Amino acid sequence: MRLRIAIAAVLLGLAAAMPARGDPAAVDAAALARIARPPLGLPPVPLPADNPPSAAKIDLGRKLFFDRRLSHNGTMSCAMCHVPEQGFTNNELATPIGVEGRGLRRNAPTILNIAYQKRLFHDGRETALETQVISPLLASDEMANPSIGYVIAKIAALPDYAGLFERAFGAGPTIGRLGQAIASWERGLLAADAPFDRWYYGGEAGALSERQRQGYDLFIGKAGCARCHLIGERAALFTDGAFHNTGLGYHADEVVARTTAPVPVEIAPGRTVMLDRAAVESVGLPPRTDLGRHEVTLDPADLWRFKTPSLRNVALTAPYMHDGSLRSLDAVVRFYDRGAVPHEALDPMIRPLGLGEDEVAALVAFLESLTSADIAALIADARSAPVGN
Amino acid sequence: MATLAGALIMAGAVPAAQAHDPEALTAGHERPELSFGRSEQYDYDPPLPGSYRLPAIKPAPDGRVLDSKERLHQLHALMDGRITVLAFIYTRCSDPRGCPLAISLLYDLLFVARRDPAIGGSLRLMALSFDVENDTPEVLADYAGAAQKDHGAAGELLFLTTRGEAELDPILEAYGQPIGRKLDAADPFGPYTHQLRVFLIDPERRIRNIYSLGFLDPRLVATDIRTLLLERRGQSPGG
Amino acid sequence: MTRTLWTLCGLTLVLALGGSPALADETCQSPYMAKITGQEEYVYVWTLGVQGLGDGSDKLVTVDVRPGSSSYGKVVASTSVGGRHEAHHGGLTDDRRQLWVSGLDTSKIFIFDVAADPGKPKLVKTIDDFEKASGGVVGPHGAYALPGRMLISGLSNNKDHGGRTALVEYSNEGKHIATHWMPTAEDSNGAKIESVADGYGYDARVLPRKNVMLSTSFTGWSNYMMDFGKMLQDADAMKRFGQTAVLWDFHARTPKKVFHVPGAPLEVRWAWGPRNNYAFTTTALTSQLWLIYEDEAGEWQAKAVADIGDPSKIPLPVDISLSADDSLLWIDSFMDGTVRAFDVSDPHQPKQVYEKVIGKQLNMVSQSWDGERLYFTTSLLANWDKKGADNEQFLKAYDWDGTELKHRFSIDFNDAGLGRPHIMRFGAKSLYSN
């Protein structure tokens, strides 16, 4: 009897982890199960009282997320910048490209574990997943729609959406319901149960290598990472949800913007030329400043402060930092080891760390232990929706 | 007249390709088309039959045509159940890179069909004239006779025309075979400009390939025909 | 009226028409296509709309180039397609009755009838389901005439806007026929891979005589749509450029060999001579001229044969045009606005013989069948073009007398409120003498 239960549990577990492609019911059921019981290492999912998850909402939200028709000229879906196979961000760009090629200032954040974020965007200007979607729909450098009414009328007229809002909400499309549907799908993108979780929360002594354990010691100790990338007793989000100044914003706005130094350009793998900055500027728009949290609060103290990102699955979400300026975890660790970019407003917690080569490698190894076991299932969930054209 | 009768006898004599061993469709030494060999113009070895797909391009349009014995046919009825190679030509064309090349291709395929019953029993070869003024059934009969003598073949090739522009134009339009009159009606190569086009049509009357200059290699066309035969037997990925 | 001749190209027959040997072509065209062997009468310019300039829409601009015409060197027609689509390349069907031009951004393909009135092309069909029909290809690029159909090389895909893409075939009637994905390391489709197989696309051209097709590789939507200056400073983005050229069995549409050609190989030109089994391509980022050729053992090879300008300054060679006798290769480079002519009589040892600055920026070059007339345009991509005063946008026409380019006329596309001129194709009334 006991054995049969165990086998059933294993089978259920497998079914939840790897739902068959093309079986939408099973994919949605697995997402609902994740929300109800998040993977090891994650806390309970906060759910808004007015938007409990349902299979129909998740289904609709997923379809909307992958639908390029949601942009004004039919080229951009949410997923064009949050690519499932690229850590639900974009590994190929420092900062994303929107409608008609307009460039954004900030790196696309992963939407994995987005359910826990209390403030959204790098500057934290939005407070709920349900309303977060509005900004990209309208931003001229993202999906560039002329109005919310335009988007809703467009969706309402698409034959393949007939009845879907009604099934999910008992009523037709509105911006509120569109936001609720997309938020419902995103909430199910829970990715934990990483080697770190099995070691730290699951008591699996062998889940981390010796080097990764050394990295963990540095993470919570000498390197001081855990002061912002928090690890809790029962769960860890690896973020304090707060805003800090690492000096990268200062560097971009005050140093890079004024330099006349040539630009290294890699014209082929392993072949870099130093191109005159004047040549680069002749074909480029002038850089735009990015004042970070200050743009929301207008508080001078918030100048160049950006939200602490979670480190879960960080090995999958390169490039790094709010501007995508660091391309590898090794570069990030060395950046903090140098004490980031010293300037007057640098966060006082940041200081040179004096790490040895071995310690840098150990920290990187530890960060790599934060990659979830169930990423493949989440990619399969995402790709169960066809790309809307 | 021998032309049509021969074609019908040929068509009826060998019911279908299934009587033959698939090896006959693929094995190099049994593909008579390979005897044409490489040339400066076709300087390659064709791919193996069935090693590629021939996606359907569009349904082959129908139309009413007249044979060289002045009998009326529907194109679809002539195509039915077999693989058709259809060329649009006119007999006054003497451009060495024009109609004579298409006619020559048809006779080359006839050569292959006569040596390989796997193909011969399934193939229909047609040349449809777009010169209603000149190419009467009688002219076509004479032309066919002369062409057969030139190519040393007996008449399994259908020469067709139409009763007039009212029946011809919809066919040209539907096949996408543009024809123009030259400014110089006395042009030594003939009075029409046209994009040389030869169509490969499957037994379900779908156009599976279109050939023009640079492409009228009998080895390639025969390989395509074998690919369609293999597909019919489920031995090729199909369209 | 200057006599216009037409014949089928790719052949080296000397036709007894008007005493004019049909040796050359308007050198960028498909070998399956009807050619203008005499005087071209119209130049069709597929032009990107610019927000705030005129109607802001992409448009097909028709320029009269009939010598002696009262509107010679002037715009005689302009047809907007509505909206901006990143107008880029296009091509004529094999029967030369339609001009297909496409948008790299929205993946729409606009089909113009150029036969009914060659002086006033008419938009007759818009393909707006290219991505869906092709199974996810984004960025229809070239439109290359095959018998009764068009071969369209894609640049990107609708999953990640990266560089993985496919070749797509359409019938001349505008119906999707087939999609052939570029070979990758994971799915090589039987191809021999020299070094890497990135799966990227750009140009695709056929040498029917050898039953081979050659395709090249550029970059995906995110890069070709991005501000050029921003991209040059984005180290991740710079990693996403094509470094391959693929040789295909054309008839079977299967890749045979993936050459390693780093630095974004773009335009391909096969030599015309009946025994010249080679093609040229240039790499945009590494500024090299490459030769892809069949060696004496019958094996196909790729090698760099010359630098174009000073590669350390990234002159960015973008378009090439090979003369009909395979002796002269024109190469436009964007950053220095310069055209260079290389003597390629010995394809293994090209030598630069001429250069001229045409403007502040330069992209496309088209030459007449006889090689005596050249036309240039400026726009590369909406967000790659130069900014401010350097953003010249023009069509310029020159005569080539064998030693020097002599200016004939210019049309300023900014002043005319037209936009950014890109690809050019030739038209002539006497093609359609009916």
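Going in written order, the chains are labelled A, B and C, and every chain counts its residues from 1.
The rule is short, and it goes like this: a contact is a pair of C-beta atoms (placed from the backbone, for glycine too) under 8 Å apart; a residue touches a chain by one contact, two chains touch by 3 or more.
Just so you know, these numbers come straight off a predicted model, no measurement behind them.
Separation of chain B from chain C in touch steps, taking the shortest path, is 1.
Set against the C-alpha centre of chain A, every other chain centre is closer than that of B. When every chain is represented by the mean of its C-alpha atoms, the one lying closest to the mean of all protein C-alpha atoms is C. Centre to centre, using the average C-alpha position, chain B and chain C are separated by 34 Å. Mean C-alpha positions place chain A and chain B at a centre distance of 60 Å.
Here the CA centre of chain A is 39 Å from the CA centre of chain C. Within chain C, no positions touching two or more other chains are listed. Within the complex formed with chain C, the residues of chain A that make contact are 68, 73-75, 79-80, 83, 85-86, 90-97, 100-101, 103, 263, 265-269, 271, 273-276, 279-285, 318-319, 324, 327, 387, 389. Those residues of chain C whose C-beta lies close enough to touch chain A in the complex are 83-86, 105-107, 129, 131-132, 136, 138, 158-162, 220-222, 224-230, 232-241, 243, 262-263, 283, 285-286, 311-314, 335, 382-388, 390. Taken together, the chain C residues at the contact with chain B in this complex read 6-8, 10-11, 13, 16, 31-32, 34, 94-95, 97, 115, 147-149, 169, 171-173, 175, 177-178, 208-212, 249, 251-254, 274-275, 277, 430-434. Note for the complex: chain B touches chain C at residues 40-44, 46-47, 51-53, 55-58, 96-97, 176, 178-183, 188, 193, 195-197, 210-215, 220, 223.
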